[in-house]
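Listed next: structures, encoded as structure tokens.
Here come two complexes built around chain A, the first alongside chain B, the second alongside chain C.
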Partner chain A sequence: MALPLPPGLNHAEVAFLAEMEMVTVVPRQRLESIDLLSGKTPPLRPPHRAELPLWLALLLKKQRRANIVPPPWLHPSSLTSIIHRETKEDPITFSPPPPPPAHANPHSPGTARRLHEEANLSSPFLPSCTASAPAGYLPYHWLEVAEALLTHAGDDMPAAAGDVRSLLRDLVEVRAAKMRSSTSALEGFGGGLMSLRGVGAMELAESRGFVLGVVDGVRKIGASAEAARREEEEMGGGGGEESDEDMGI
Partner chain B sequence: MDIDDILREVDPTFHSVPREKRDLQDLTRAWVAERSAPELLPWPAGGLFERINDRIKRQIEKVEEMTGDMDPKTNFVLIVIQTELERFKFLVRSYLRARIAKIDRHTLHYLSTDDLRARLSEMELAYATRHQALLHNHYLSSFLSSFPPSLQNLNDTSGNITMIDAPDLDAAVFIRLLEDTVVQGRGVDADGEMDGRESDIVILRWSDAKPLVEAGRAELV
Partner chain C sequence: MSYYDIDSILTDAEKIPCTFQLEIPELGYLDNQPGQPLKAGSKIALPLWLAEMLAIANTGGDDQAKSFVTFDLPAALSNEVVQALKADPRAVPLRDQSPHLYGLATHMMDLSEEQELGVVLRKTFVTRASEIALHARKVGGTGHNKGTADEGSNLGVGGAGEEFLRGLEEWERKLFRKAHDGAKAGKEWMENVKKR
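After this line comes the complex of A and B, so read on.
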């Protein structure tokens, strides 16, 4: 009865999560609003676009009831510019995540306001894979959504599915190399913090076991040294630097 | 639906998130957190689970009604409804099973203080209490009864060594920041501090991440 899985989401669970991302579809048939547990779906009236969760969009696509509008970041030009940024401009860190979506503030015209400020939404509930998402930024679930769209909606892609696929493969390799080199920074994981801004969900699931294992291992090996350091800091108060040197001897 | 709802739907300046969607977000976040955190997290407040269970029950009833008429038009709607129902049921089941796994591993720990007991739901508390009693009785009948009475307890804490296994609160976790905030972490060689920006993914110890997560400034991923 109890779940036998180790802590942390695995690949299948991440893929499940990615299927909740909202995408934009162009319906080919009328479909009335459906009263689902997660709220009513918008009524589908061709040729008006509508936003649906990915799992439902794929279902409609398979039955040829709708076409999926690929998100702008999946266009070859956007992917090329991301690859350029990942390789040339910043070969160490990941490219930044998309900026939070904003809308016009009705209370003070002319200013922009964060979308859903009060609800504190986060991926996969942010509209980061819809047609209105910004190009040039990879959302958190980029690999899973791109893979699902290429597999099941290859004919809706802005370019030949093979071209998009080979660009994606380049991107996966570049970023996997970054993930590997970031683990060498873990070796000296003494600071207690490490930021992986811009990393994707699948990449995280891939190396979660290894990264967490290293961090926990370093902590356990250094536990006595850490305890000694804390004790000295408490005793010495201001003289932290001297005691560090003492410890080195 | 009255005129206000219709007006709200066509009003581009109105961006409120409907209750159902927020519940799904809360459930998903609770599930991800429970799957990632090394210890049991508090049972969601505000009747989230009761609401979701209620709605699932009603949806099942609706499916049962709809299976009666075999009109091809409603047939597709039925497929959609059932697919979504299964997704919800998976979320709920996986969440509860992840909690039971943690309760099973450290039953006595979660029953030891009132603060920890408060994290369990009523059902989970009943389960943990009975489970522990059964286990202890079994131990007593199979071997503990031949020990002296002073050694028959399972929660002995004398001599600064506790028999109660507790989860490792310093285990590393990944969090995503939901707003710009200062993140502090304790390390082996030094204590770190950084100015985190929104949607940063940070690795740190759960004991350092916990205040941020509880304040809603970060979430586990």
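After this line comes the complex of A and C, so read on.
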């Protein structure tokens, strides 16, 4: 008997993982460095900003020991531009994930290079929710972090939390509709592909069952045609090899 | 597909029209003529598993090997249905044709080459899938309005699109279930964030 759990992470697990994201805080009190499993936190010296994991930042926020600086992409203007891009400019694909942090050389303009070029940076190791994150791009954990910040640090938002929240709801709806319609890309014979680039963790958790179901169904429907095609190819391939051998002789 | 997969068993029990190629004694009762031999060429609907066996097995006689039966596509996959699906996949209640239409179709495609059927079914499945997801999300109220506590329950199926949802066949029902579970879990999480 298999585990009754569906494959993949559920919402609570995704939200838990999102708490590992680094956010920028403005401390109100001094706090010495804490020795955590993932390394030492920077010592907090008001009013200097520091980067802490989201869970710790939320804890300090609840104790009124720090204010959280919301990431730039959570600003209403950034959200509005993302919604505009998702609906008007590119109504099919999702908006791209944030680019890897780049390093511009002020002495030779136009030659910006990636920081840490050799390292292949991805979600948890990219500082995508700090104050230095680029605006206009949604990071992997956008929905979870945004919800957590709106709920627990609503007074730190650059605009009224309600406005941000309604923009966020619009974005969720737009992207959910995209997720639904993106399955129609599987219609083409054999070459059906769904691009999930730029889709957030929470959206994946929500749509995983559905998307996998559709892909599996398409696979089952096409299974016999695929088997026939393979057989044909094998026959053709075998013939080709034979002729090659003939040529060799 | 596991041995105990109830859907697979039910799919195998679907009747498909077969034509007997040989005269078989004492089987006339299948054709409402008890006590008489079953004539060659008589058409009888047999369950898929039996038809498959009889069609593949040959009689093994000295003369040229001939299978017991030949089968046609069942009514659920007839040309009329395929044409209707081509016209508008959403308008056809697949469940009325057969509750296991896709399973039946894939089985039939394994047995005989049906290129066009495969293409039409793929289009149907994909087109209906996005419609299913839409309904699955709608069910139980949208995220905007604050309703009663049991808003996210599975009992909320109904309202608009009821007609379409009634026409879903088993594969699609499973898909609906998955899509709905995902949307429901998302909504529950969204509401729980505020409580913590």
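Remarks
We adopt the following convention: the second predicted complex is superposed on the first by the 207 of 249 C-alpha atoms of A that agree within 3 Å, B and C clash if a C-alpha of one lies under 4 Å from a C-alpha of the other, contacts with A are read in each partner's own complex, and residues count from 1 in each chain.
Following the convention adopted for this analysis, contacts are C-beta pairs under 8 Å (C-beta built on N, C-alpha and C of every residue); 3 or more make two chains touch, one makes a residue touch a chain.
Note that the structure is predicted; figures quoted are calculated from it, not measured.
Number of chain A residues touched is higher for B, counting chain B against chain C.
Once chain A of one complex is fitted onto chain A of the other, the partner contacts of A:M194 are limited to chain B, with no touch recorded for chain C.
Using the contact criterion defined above for the overlaid structures, shared-chain residue A:A160 touches neither chain B nor chain C, since it reaches no partner. By the touch criterion stated above, A:H11 is placed in contact with chain C alone, chain B being left untouched. When the two complexes are overlaid on their common chain A, residue A:R208 makes contact with chain B and with chain C alike. Within the superposed three-chain model, A:A225 lies in touch with chain B and with chain C [touch as defined at top]. Comparing the two complexes, residues 189, 192, 208, 212, 218, 221-223, 225 of chain A contact chain B in one case and chain C in the other. Listed in rising order, the residues of chain B touching chain A in the complex are 12-13, 15, 17-18, 20-22, 24-25, 28-29, 32, 35-38, 52, 55-56, 59, 62, 76-77, 79-81, 83-85, 87-88, 90, 94, 97-98, 100-101, 104, 168, 170-174, 176, 178, 183-194, 196-205, 208, 216, 219, 221.
By the touch rule above, chain A contacts chain B in their complex via residues 1-5, 7-9, 13, 16-17, 19-20, 31-32, 34-39, 55-56, 59, 63, 65, 97, 100, 103-104, 106, 115-116, 119-125, 140, 188-199, 201, 204, 208, 211-212, 215-216, 218-219, 221-223, 225-226, 229. Residues of chain C touching chain A in their complex: 102, 105-106, 109-110, 113, 115, 118-119, 121-123, 125-127, 129-130, 133-134, 136-137, 143-144, 171, 174-175, 178-179, 181-183, 185-186, 188-190, 193-194, 196.
Looking at the complex, you find that chain A touches chain C at residues 6, 10-12, 15, 147-148, 151, 169, 172-173, 176, 179-181, 183-184, 186-187, 189, 192, 202, 205-210, 212-214, 217-218, 220-225, 228.
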